[in-house]
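Two complexes, one shared chain (chain A), two partners (chain B, chain C).
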Partner chain A sequence: MSNATAAAVTVKPRPFAGLQRLAGWAPLAVLVLLCILIAVINPNFLSFGNVVRISQSAMVPMVLGIGATLIILMGSVDLSVEGVLTLAAVLLSMLVLNGANANELGLFAVVIVLAVGAGVGCINGMINVYLKVPSFMATLGTWFIGVGVGNALLGGMAIRINDPLIRGLAIDRFLGFPWGVWVAVLCVIIALAIQNYTRLGRHIYALGGGEELAALSGISVAKVRIAAFTLAGVFYAVGGILASAQLGLGNAQIGSGRLFTTITAVVVGGTSLSGGRGGILQTVVGVLIVVVLTNGMVLVGVEPSVQIGVQGVMIITAVALSINRKLMKIVK
Partner chain B sequence: MSNQSDGTNSSRFVSRRSVLKGATALGVLGTFPAIITRRAYAQGAPTLVNSIRSLSNPYHATWNKGGAAFAQSVGAEYVTLVTEGNSEKGIADIRAILAKTGGNAVINVDPNDSPDARPIVEAAKQAGAYVVTQWNKPADLHPWDFDPNYVAHISFSGVPYGKAMGEALIKAMGGKGGIVALGGIESNVPAYERRAGLQQALDANPDVKLLDFQVANWSANEALEKTNAWLTQFGDQIGGIWAANDDMALAAVEALRADGRAGKVPVTGVDGIQLAVESVLKGEMAGTVAWDPFWQGGMGLAIGYAAKTGVFDPAKEGKEHREFYGTGVVITAENAQSFYDTNVKSEPQLDWTDIWGRASGQIQY
Partner chain C sequence: MATPFTGPNADRTRRWLPLATLVILMVVVGVMQPTFLYPATLLQLASDTAVLFILAAGVTFVIMLGGIDLSLQSMASLASVVVALTVAQLGYGSFVLAIGIGAVAGLLSGLAHVKLKVPSFITTLAISGVLFSTALVISGERSITLGEADRNYQAWITGSFFGIPGVIIIGFVVFVLASVLQSRTPFGRYIAAIGAGEPAAYASGVRVSRYKVYAFILSSTLAALAGVVLAGRLASGSPTLAAEMLLPSIAAVVVGGTAITGGVGSIWQTLVGSLIISVVRIGMTFLGVNIFAQNIVFGTVLIVAVAITIDRSKIPIVK
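The block that comes next holds the complex of A and B.
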């Protein structure tokens, strides 16, 4: 009798396994459909020039999305995206050849900025782990601190970046794409390698799947969390470098509005906010959906006042399609 | 049983009362320094207060510098209040400073939102402080209804300057071609007015076609994305880009640069921030309008200070000095260098006693 029920339990999920796999492909299907739809209305969409422009628009959200994915996979959330990005952009603009002071550190400035990103991320992790402050609040705090320090450093002014190396990320091209796009691609590859081939990557999934279980099986939850937040901080700093390269300046407003796009892209891609499901590739698709949609709405001629609404409908559709309802007992 | 419960009740009551006593004592202690400072403030020169949205944008940062410069010129204490886009905070901070100074204050405020102006003015009137508002106030709130405390309201009409930039752009394009336009937040009055001004310029130049108008919410990031999409959609048809502020204009220039077309397609902005003036000098932007926030931050206080110190009586001043449009400076390639030298390279030297020098007519509602 008990054997029979056990067998029933193990057999039961099978019919849904196929559906679940299908749901995993939903965001990609949405992306493809979206591209087809836009291309039918405006064939220019598929021109090489536009593909390059979409990649340019995607490069910053891409690296930010990668960082945020690592955190969301653990079931945490990271709101410090804008803070780290702003701080990185402001510091970079002050340290490389610029229009406001005599600094000219070049590549060394990039190293400093990445280290600051790692530092802020590490602080996020330590506040979260040792002070037991929920990641939501800890990173909310560092968000404001990051923007605040950016403000204090520049006093509200903008600094123009004149360093040819940094500006080259947005202007100089390799195989038709700006160098910044290749930097973003490199970030995707590194993140994929970390996710799939390192212990840290597997542990991040383990924490998202069930932190108590992960701790019981010998994973040092504290180390994993701090490492993940640090890594995410580095990716946000890369985002800051790319953003300031793109706009050719650093100011304290450079981050505004980017957190929302980042979290949207991660979730639309199919990474679950409760952790454990999803990954870097899903985020790549999510970012492309968001960027293609923004680009496409202009090309198709959607009324400006309607655009934000279309974005909202898109978010709900993409998430609704990719959710595996059978696994969810409670929806909060 | 009943006795016992009485006992616990009374002991609870006593403890609650002692807590209340303690709180009262603390409160009394707390008011002491407040009373002392209030006296000190009330006797000296008025405290000069600028209330602005934030210090993280160049516009308000320069506004703040102007306020500090005026305060220094008269040797008064200077305080900056920042709303961070929060109306409640903005009003509460002003009430707090009114209480702290006992009303011996001159307040120059850029209200976060139009409705905020009324409680701010009412609080200033009640405290006996002098207030000047800029940009935002309800149309039916007038300085002359709060004599003498509500000294003046200053605004800038977006229409003539949106039009001036449209004309500068069309001139740079050689009088014909297609343009695209980046607007500010749709429900925002300056955004609406500047767009209306652009439309007037377009109506007067039938050879110029508006290819598309997009809302980029005053944001550089959004402007970059929209301009990128336009470069795909319209390509070489784009002869010029009009933007409702400088942040968006500069982003449009960068989108053009990534496309190898910066300097070839003229771009105009509005606000006159430093980087935009430099872009005009480089020939990448065709124009911008300087509101001169340095003047706004300093002169708003100077007008209030003049009323407070009896230089003029607001109640006897004409309406064209109570609710007036300020004067913007249209910057194009012709005057960019001289503007840069006098306003950017060195701190502007303004005559703070020339309080009506830039009043250009009563505001029309």
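The block that comes next holds the complex of A and C.
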């Protein structure tokens, strides 16, 4: 690993720098081509109704993708997406006006859920930093702990959400789009601001580019990592709120399959698993590719169960194309 | 940073810690529930551990390399679906088919990992999606119960020989074969060498890529075998049959003392780890803990075990 960082520091301008820059636009080109292709096969694709439908299916993956991007930019990975999302959705359904108990905390419940998301993220970061457990292992553990707590709280039941504010996220519309979509857009703007205009954002890139160098230049690696994992946890909790609003209920199966879509979206967008390259905008493109492809497959009539397999192939292809093999001597 | 389990005696402590944990756990559960230590119950414990152990034994080789296989639960489920769908036509051939598909899936994971240089956790996560999707499509997204006539073919799994249940014998055969592979063959030594230091292994002429692919084939093949056994025991196949087995399997390997940094570990330790997981599960069932909520405990156990066994000198930067 130290060899790799050393190589990164002394790397000369590559002869194919122009090609590399071109490769950065590939995901966007794929998205545009995909849209054109599907629109030709089925013109309904471009109808306003279908665009709204796409935005609805994109809102949860978008928020999750943003959180995961912050972690992958550091060269780590976060597998706890489903755990935090499930926990958030289950807690929310239990705390707002619901069909199972007398709680009616409203907005305060949202604050609690976001705090829980932040807490789990913070624990991820602390396990990673202080116990020195690699992030994929630490978050594999918290993934199952999160889903397990959700299960323990509900015992396999589902709780209906009756709170008009939460239900409104999916039902009430502004300019034709549900409020949940606007929440996701707001999350993108916040994440972009953090990434581009704050010290934390720059430090996350610095860690991904070369952690030793970042530490030597005075960045507190531990603080940045814990902050990034905490922030990611908050975004997953937002995802949990949006997902439970969309379904109108909270249950322990609400997260199932979402990690997969999230990782696919991030890597397909062009954020490198080795860290340092990519960002929120890339993930926006990646999420749209995944969602548009799913939507297109539905329009064309492909079975939904095939889509998981297609995403699996997309993950490997995207990662294989984006990995900078010169910087990776050993792949584990 | 100072952590426990460092110092001159650390290695010995680490090696015996899992076995000591197992004995203590068995005594604790035995005191809580005296029937636990009856031969019949212990036989039941061994039967219940067999599937978990077969899964864990396969992934042990991948973890010893320093890699990971996150596709084993999907492979096992797919194998159960393949058996349930084809046993009526193919008879015993359905088991061969299912296990053969496991070998091919492992080959694909291994090649994608080695040739495309995609990290193993992401390769196997992706392959897991492909396998799950395949299982969903061919099963029509439902659970398939084995017919009465088909169950005759499952006798080697569900029956018993001289009073010992078939699953225990299968588990024992896997244990012997995997142990021999790990401790008595060049394959086992090369796997440990690659895990201990890949550049050194490469420099001494070990065909690193080839042995990595072999390890993934072994892991996936054993996962398929576990799926076949599970299908026999539950008399059904379904795309989510083994969905809850990923975490316990990896936890079993790590709890047994195999470090995820690679190079250290053995099948024997994985057997101890699998038994620990089983005893903990039985203990929790006595206490009335919901089966899904048990993942809270396994998740915690996994993180603690990784933190204890990991070799921090090998990873100056923890990502």
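Throughout what follows, the second predicted complex is superposed on the first by the 286 of 332 C-alpha atoms of A that agree within 3 Å, B and C clash if a C-alpha of one lies under 4 Å from a C-alpha of the other, contacts with A are read in each partner's own complex, and residues count from 1 in each chain.
Everything below uses one rule, namely that contacts are C-beta pairs under 8 Å (C-beta built on N, C-alpha and C of every residue); 3 or more make two chains touch, one makes a residue touch a chain.
As the structure is a computational prediction, the values presented were derived from the model and not from experiment.
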Could you tell me if A:Leu213 is touching chain B, chain C, both of them or neither one (first, second, both, neither)? neither
Which partner does A:Val298 reach: the first (chain B), the second (chain C), both, or neither? first
Now for A:Val313: first (chain B), second (chain C), both, or neither, which partner does it touch? second
So, does A:Gly155 touch the first partner chain B, the second partner chain C, both, or neither? both
Look at A:Ala252 in the shared chain and tell me whether it touches chain B only, chain C only, both, or neither; answer first, second, both or neither. both
Comparing chain B and chain C in the superposed model, the one touching more of chain A is C
Name the contact category of A:Ala115: first (chain B only), second (chain C only), both, or neither. neither
After the superposition on A, what does A:Leu140 contact: first (chain B), second (chain C), both or neither? second
In the overlay, answer first, second, both or neither for which of chain B and chain C A:Leu273 touches. second
Look at A:Met74 in the shared chain and tell me whether it touches chain B only, chain C only, both, or neither; answer first, second, both or neither. second
Taking the two structures together, which residues of chain A meet both chain B and chain C? 147, 151, 155-156, 252, 305, 307
Within the complex, which stretch of chain A touches chain C? 1-2, 5, 74-77, 127-138, 140-145, 147-149, 151-152, 155-156, 211-212, 252, 260, 263, 267, 273, 275, 303, 305-313, 315-316, 319-320, 323, 325, 328-332
Quick check: in the complex, which residue numbers of chain B touch chain A? 54-58, 60-62, 64, 183, 186, 212-215, 219-222, 224-226, 228-233, 235, 247, 250-251, 254, 257-258, 273-275, 278
Across the complex, what residues on chain A touch chain B? 42, 44-45, 47, 49-50, 53-54, 56-57, 99, 147, 150-151, 155-158, 160, 170-171, 178, 243, 246-249, 251-254, 256-258, 291, 294-295, 298-299, 301, 304-305, 307
Looking at the complex, which residues from chain C come into contact with chain A? 1, 3, 65-68, 112-113, 116-123, 125-130, 132-134, 136-137, 141, 198-199, 247, 250, 260, 262, 290, 292-300, 302-303, 306-307, 310, 312, 315-319
